[in-house]
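Naming follows writing order (A, B and C), and every chain is counted from residue 1.
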Amino acid sequence: MQVFLDQVWTARWPLWDGFLLTIEIAAAAIACGTVLGCIVGIQLVFAPTLVRFPFRVYVDVMRGTPLLVLILAAFYIPSVAGLNLSATQAGILALTLFAGAHIGELLRGSLQAIPPGQAEAARSIGLTFPQMLAYVLLPQALRSALPPWINTGVELIKGSSLLSMIGVGELLLKTQEVIGRTFMTIEFYVFAGCLYLITNILLDQVGKTVERYAGGRS
Amino acid sequence: MTETLHPLLEIRGLRKQFGTVEVLKGVDLALNKREVVSIIGSSGSGKTTLLRCVNLLEEFQGGDIVLDGETIGYRISKGRRYRIRDRDLSRQRSMTGMVFQSFNLFPHLTAAGNVMLGLRKVRRLGRDEARAIAEAWLGRVGLAQRGDHYPSQLSGGQQQRVAIARALAMDPKLVLLDEVTSALDPELVQEVLNTVKSIADDGATLLIVTHEMRFARDVSNRVVFMEQGQIVEDGPPAEIFGNPRSQRLAEFLRNTRT
Amino acid sequence: MGYSLHFGAIWASFDRLLSGLAIGLGLAIAAVLIGTFLGLLAAFASVGPSRLGRLIAGSYVMMIRNLPLLVLVLLVYFALPQAGIRLDKYESFIGALALYSGAYLTEVFRAGLLSVPKGVVEAGRAIGLTRFQTGIWVTAPVMLRNALPSLGNTFISMFKDSSIAAAIAIPELTFEARKINVDTFRVVETWLVASGLYVAACFAIASFLRSLERRFPKF
């Protein structure tokens, strides 16, 4: 045990860097994915059939494709298209596309769950379509989408571990490097697992707190 | 030995608590074979709990329930009461049939399947025999054509009649009916009451909890009035409804008569 | 840009992709079968009377749900041998995915159990079924029917997650696609076809499950 703790101490900076990169990647992906997801969700509910169709295809393809395949595709494809993305950027791109589809679908569900009387009431007091979205529909939809949205954040942190397979130096890859040097396989995988666990449980708790706060006002 | 030596059901000093709340405070009640007894009383008086104790769906803290000479639910060993084994509880439960307020049909089984389950698994009858009995009972409650319907395809009244068939098909010594019309739309109440009336006329022993005063008067040999976990009055319907002795019963009847 | 699509090289290796797909499906089926067993056990424990049982079931679900599957897979594959347990890569992946799916299935079955009306269980007891018989003939069928849609969704998720087996060199679809990608440099085609196969398979599974749902009556 003492030996292991010494090794953790020796490797503290690489592990810390990896942990930070994991958080940064997940944060970037949830931010971009939420913007994308809002656009997608609104299109899925309100756009005319022809416009809606490509969004539907996007969501279904993303949700039917394993995240790892998205990551590998985002890693290999841009270069032949003349785009030079770093592995980290490719990873964020893949996670964003993944999150955008999931959040879009979430939002579609919660927008459609709002009773039609709400939109009618908003129209009847003379709100324009964007005003109705911004002041009446989205606030209600986002509130009910909050718990699964937090869950998407947890999925992104978990999913970011797959970026180790394209050489992104996040927590899991750094852990594997340390294992390569120390051969303390169980100890360091368990250590990394605990870091993921604690981060995700904390995120979950923050989500619950926010939910209570948001719920208290409604 | 004749069967009239002891009553079919004898409840002695039944006490039941939920936590610190005492819902049955020493209830004594006896039922003879072929007797139809209705229990009336305001909600919260403990009448449903009494029925559930008789079917051993609730545990109780004191008193005895004797069904056809057998003390059910508990055994005494070295001065302490023990709840008996699950297998024995099940056997004793199958001696009484229970019809619930909210039907509680098995949603994954057809009407016939509902009636057959107990016949197959408890009485261990073969499929054909169980089906024949189920069809006979469904016919008896006027649902001969509905054997293959699932509960969700039946009206509330039809579901409740299937539930009655399910209880009676087990050939119970005693049938317990717990507010069997309370969850029904008004226009469906009569078909269920008619079914109960006809099984009473056929000589079944019934213990009924009901809010339907006219029905209680028509169908019962005796009516029992309960309040606050105790039996306040017990007598023939004409007496209970026509000449209440206690202030509480008179008040109850005044409030319920619409 | 001078990239134009040529699928020829992909079709030449299409049988490898298909066998990869079959391996992925096999891994998912094996894992979900074991996971169903784990999930049922943990779900019954989580609604059961034993405080210890509830605690164990709850911790299991919380741990697994917050842990990346890849970490679990690597832990089982690389770390267990250090503890003296030797499994080949298929066994360890199925084991890891079974543990993983078991946690999600616990919640599926738990919700299913809570959806069985109390009165229906009592009705089973009232006609004289034992506790065990009521579980088998009343609670389980109602719960399974109610849980069927989520059970199907979990299976589809696990099928997609079988792609992670590529990390320990199991020649499933993603692993084969990556090899074809490196061998042929038909990058866009490879991933289009791989993704298309996954999407088509998910769609097929989903349709199959929906037809299964239709065959059983809704409650």
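Following the convention adopted for this analysis, a residue touches a chain if its C-beta (ideal position, glycine included) is under 8 Å from a C-beta of that chain, and two chains touch if they have at least 3 such contacts.
For clarity, every value in this text was computed on a predicted model and none was experimentally measured.
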item	value
Central chain (distance from its CA mean to the mean of all protein CA atoms)	C
Which two chains share the largest set of C-beta contact pairs	A-C
Geometric centre distance via CA averages, chain C-chain B, whole Å	46
For chain A paired with chain C, centre-to-centre distance based on mean C-alpha positions, whole Å	21
Inter-centroid spacing, chain B versus chain A (mean Cα positions, whole Å)	56
Chain A - residues contacting chain C, complex	60-61, 63-70, 72-73, 76-77, 79-82, 154, 157-162, 164-165, 172, 176, 179, 185-186, 189-190, 192-193, 196-197, 200-201, 204
Residues of chain C touching chain A in the complex	1, 3, 62-63, 65-72, 74-75, 78-79, 82-83, 160-164, 166-167, 174, 177-178, 181, 185, 187-188, 190-191, 194-195, 198-199, 202-203
Residues on chain B engaged by chain C in the complex (per definition of touch)	55, 57, 86-87, 90-91, 93-98, 100, 102, 104-108, 117-118, 121-122, 150-152, 163, 166-167, 170
In the complex with chain B, residue positions of chain C that touch it	117, 119-120, 122-133, 137-138, 141-142, 145, 216-219
